[in-house]
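Chains: A, B, C and D, in written order; residue numbering restarts at 1 for each.
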Amino acid sequence: MGTSVTTPTPLKEGSTFEPKITAFVCNWCTYAGADLTGTSRIRYQPNVRVIRFPCTGRIDFMLILKAFAHGSDGVIVSGCHPNDCHYTTGNYLARRRWIVFRDVLEFTGIDLRRLTFAWVSAAEGAKWAELVDEVTDRVRALGPYREYQALASAGIE
Amino acid sequence: MDFLRQEALAVDTVSPDASDIVAFHRAFLGSIERHGRLFELGTVLGYKLRTGHLLQDAALAPSMIRRGKLGALPHRTDRQAAAGIFARVRALKEPGK
Amino acid sequence: MSRIGVFVCHCGENIAGTVDCAVVAEAARSLRGVVHSVDYKYMCSDPGQKLLKEAIRDKNLDGVVVAACSPRMHEPTFRAAAEEAGLNAYQCEMANLREHCSWVHAKGEATTAKAIDLVRIQVEKVKRNAPLRPIRVPVARTALVLGGGIAGIQAALDIANAGNQVILVERSPSIGGHMSQLSETFPTLDCSQCILTPRMVEVARHPQITLYTYAELERLDGFIGNFKATIRKRARKVDEKICNGCGVCTQKCPVKKIPDEFNEGLSMRRAIYVPFPQAVPNRPVIDTANCTFFKSGKCRACEKLCTAKAIRFDQQDEVVTREVGAVVLATGFRTMGTNQFPEYGYGRYPDLIDGLKFERLASASGPTSGAIKRPSDGKIPETVVFIACAGSRDEQKGVSYCSKICCMYTAKHAMLYRHKVHGGKAYVFYMDVRAAGKNYDEFVRRAVEEDGVKYLRGRVSRVYPDKGQLVVKGVDTLLGGEPLEIRADMVVLATAVQAQHGSEELAQKLHVAYDKYRFFAEAHPKLRPVETNTAGIFLAGACQSPRDIPESVAQASGAAAKVCGLFSRPELAREPIVAVVDRQPPPVFSHCVGCFLCRSACPYQAIEEEAIRTRNGEIIRTVAHVNAGLCQGCGTCVATCRTKAIDLQGFTNEQVFAEVVAI
Amino acid sequence: MRLGYYPGCSLLGSSRDFGESVEAVAGALGVELFEVPRWNCCGASSAHAMDRLLALALPATVLATAARANLGEVLAPCASCYHRLVVAQHEIAGSPELKRKVEQVIDIPMGPPVRVLNILEFLERCADRIASKVKQPFAHTVACYYGCLLVRPSKIVAFDRSEDPVSMDRLVVQVGGKTVEWSSKTECCGAALSIPRTPVVGRLGAKIVGDAVAANAEAIVVACPMCHSNLDMRRVSIEEALGRKVSIPVLFITQVVGLALGLPPRALGLERHFVEVKLPAEAAMRASAAS
């Protein structure tokens, strides 16, 4: 997969740090919610890049590590609220996986402040904007995630 | 409501009908500014002087005194502190003066 | 080597206003594998689509990225266009430059940079897209209608009259819903039951409608065209087929003091009862919670008196499953109780009633035969105060939305009261009068001008009892804002319309989205008002938001039209977004190791076992296999698989990892 | 139990009876009250009506002083003081800018938030102690009158139900009494208009007292010095407005609890009332309840 084009975190001399945030979202709730944010013209910071999945249950946690390795300074995983999953139980599995994975990540030294799990429904356009702004501000304060990127490029990945 | 009341005071358009209410509030605050705590007898006297309602409640005072509900002297507390607050609020409002 | 085309849409000024589309197209051109990149004012327009099609043919493209609005909006449009030009529809992806970029960020470099990133992500994905074919599935031409109020009745009749089968499920013992409780209807003042009962009878007689009353949906499985509905028919304890509806049992039952739901507790019913005389089906039901026999094992009066021998004390609930192709949700509304208002006495004053109780008082078939008598002592009230917006438009104490029907029914109530009690005084406290609708405002004007109803613009702060009357403390904000007190004999609250009890559970059963007030959510507030986000499930009436009768009927017909459209096709194309388990040539056969963790993750029981055998039938290995008919494409199995042997078409590991790397 | 204590001006003056009964009950329950050092007036309705900043700064000083004295919780028996303290705390917590301005005016830092308790919250908290110490059940039927300031605005004070509060009724029942259902629980008594608009206070009080009498209450129970003085001290104006004499006494909730705990009436300040506190004998009440 090394053939792809990637842009490094833009950090020119003298310029302020702008984090790169990757959001993994489900198609039915959060993607639709983010569409509603657009339809409602609610502004938020442009640092987030959304990747659409059918369900949070589809989100493999290797993807999160991959995102960090390839220059993301923060990651959001968001789907339907408990009980509202389009596929009945996908978000429960995601949640269960998250609980386990969280401990593993913490053990391996991943900075958990850079990883946010949230529920945003299709009706919560404003919440999506708040979430993105909150995560962006937090990650901006934390600075670029050089540690993991360095590890990854050293071949640990 | 509060805002409208306070604005009316600030631009001096209080209805003359309410003048005695304002007089009461002024007497009340004056008492706090002077003593730090409310001095009830003083407040009432101040109010009467401001409004001219000299005889209002005249019958009440003796029975209050008899029941120990009307002190003749203000309580002692940190007077400077309260006076300072009043002064600083005033200064904030009228920076020129 | 890929041959990708990128098409950047300006969407007029919607995207071009904040994103420099030319720069995006230019940047896309330099991406590896991109052989064609242009920007255009409206990609979804005819010339825009033509541009796309021509490029596919001329440049021999094997994948396209349309950078425009949300794929939830126009993905079908561009996929169809790509298909017409000879490209597989699933070789077309969309980058969401509008909802996720131009509409939510300020004009500037960062926004354009984001747009370029979004395009690059999709380019990397589409390079790895495989051509897919839609899965064809047959459509079961039976509709399930949930709720037997006017919306459900209308939808059922429309669908059935078009030649389809309908199963109508109603929770209470009779269809008719709230409309059957109403006295007269605005703005014409025609009798509600007179116009409703013919429809109810038509439902009962219709050869293509199966009516399940006193029944509820237990679960719904499957997908559009192929749902499987499990319905619980609660035991009436009366054999519907044998019973002839003579009603002797309902007159002789010794338990007489049960508040009558249909009359909103203004009268009493028996333990065996027919909800109201025009009920459909006109068959009694035993209220087992109150029946002496079910409480103490004695009585059986109804059984002894039934000439048809239709009483079945041992009848059990019956669970039936039916294949249905579409579902119409018409579960209606409820109104907020008067006990929600502490300032109006928490529902403790008998003469402070809600609108539905007033309907029953005013109804010719009601407990007072249409005479307005107050509940406490049966006295004819000389002064009645109506309070509109009780709980509506009041985020602090109720709901933030307007309940929509109250302005009209309050005007109607005041008018009916003035017609029935000539010397009576009627006051209405209101916030605004919202009478938008054909002949609606005229109706309210009539209440004010001809019938002398006093409208007071202001809120009521308190109602309290005093010497047999209710004192209403309010304010008239138009006449000087003076507080005023009215001594009333009766007070009617127009309480807020709320989502029906159990809406949330039902929505979760059906995977239908709902809002914070538990009204079901439409797929698009303007353009898809009768559809839900779940394909094949439609909405009618007040289960979506407060509605009056004409609107409910119109929406029900709209939903019925959608169902009929769906049923007009013999089969349905389903998205080929399903999971597949990898297969390899021998000696590997598959990367699947047969751990079947995927099976425990699958919400649809779509994972089956498949034995790989030698030529003489010996089992070499047992691996997983996905039943594409059951798989809904959530992909949970993919993330669960330890060996990456299972993958989701359209969202393959290769695709999504490429997307992530492209960021 | 150790608690900060902000008596406020009224409890030292025109409502000495309230102050005395609060202290007597606290003593009987074994609660130590620590007065906020050198406290000043909260500004009451007058500051509130005249100047927003002053109306926040005066109670803020009290809160800041309490925080500095390490008093994490402060009992403010006077409903008006309670209201001013809670509102000030809420507004200052909601706006860093306002906080800066107030600190500039009061000249001391706000310190950590102080939890302000009203008298009903305090007594509810002592419910177990009260239950174990009741000596003479308060066997009377009363109307609990909450007034405006204890339960409103509900979002800020977050105490009881704003339109139909029940906490005082529960306390009365707990010490052996009965309460009536009546409609003037949270009506206004006229409060600070007592002096500049005495007839208004008379009219408002007439409604409250009239309702309580109509509901067959033997007494009105209050938890606010203003309510008390307007219903008790202003009884003459009330009777003028009603056009008849009414002898229903007005008790503070602390006096009710104190009587049940067996404290002498004098220690509870009962003899300071304008309307004589004469309650029908228990037997009479029982007889009427039985009939």
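Remarks
Operating definition for what follows: a contact is a pair of C-beta atoms (placed from the backbone, for glycine too) under 8 Å apart; a residue touches a chain by one contact, two chains touch by 3 or more.
None of the values given here were measured: they were computed from a predicted structure.
For subunit C, the chain with the farthest CA centroid is B.
Distance between subunit A and subunit C, defined via averaged C-alpha coordinates, is recorded as 32 Å. One inter-chain figure worth recording: subunit B and subunit D are separated by 22 Å, centre to centre, where each centre is the mean of the chain's CA atoms. Taking each chain's centre as the mean of its C-alpha atoms, subunit B lies 61 Å from subunit C. Within subunit A, contacts with two or more other chains are made by no residue at all. Across the assembly, subunit D contributes no residue in contact with two or more other chains. The multi-chain contact residues of subunit B, meaning those touching 2 or more other chains, do not exist; every residue touches at most one other chain.
Taken as a contact graph, the chains are arranged in an open line, each linked only to its neighbours along the path.
All chain pairs that touch, listed by label, are A-C, B-D, C-D.
Within the complex, the subunit B residues that touch subunit D are 2-3, 5-6, 9, 20-26, 28-29, 32, 36-38, 40, 44, 47, 51, 56-57, 60, 63-64, 67-71, 75, 77-78, 81-82, 84-86, 88-89, 92-93.
By the touch rule above, subunit A contacts subunit C in their complex via residues 1, 3-7, 18, 20, 22, 27-29, 31-32, 34-35, 37-39, 41-47, 49-55, 57-61, 63, 66-67, 70-72, 83-90, 93-94, 97, 121-123, 129. Per the touch definition, subunit C reaches subunit A in the complex via residues 31-32, 70-73, 96, 98-101, 103-106, 110-111, 113-114, 117-118, 120-121, 124, 507-508, 511, 513, 515-516, 521, 533-534, 577, 601, 603-604, 632-636, 638-640, 648, 651, 653, 656-663. Note for the complex: subunit C touches subunit D at residues 342-343, 345-346, 348, 396, 462, 464-466, 471. Against subunit B, in their complex, subunit D makes its touches with residues 9-10, 12-17, 38-41, 43-54, 57-58, 61, 101, 104-107, 192-193, 195-198, 233, 271-274.
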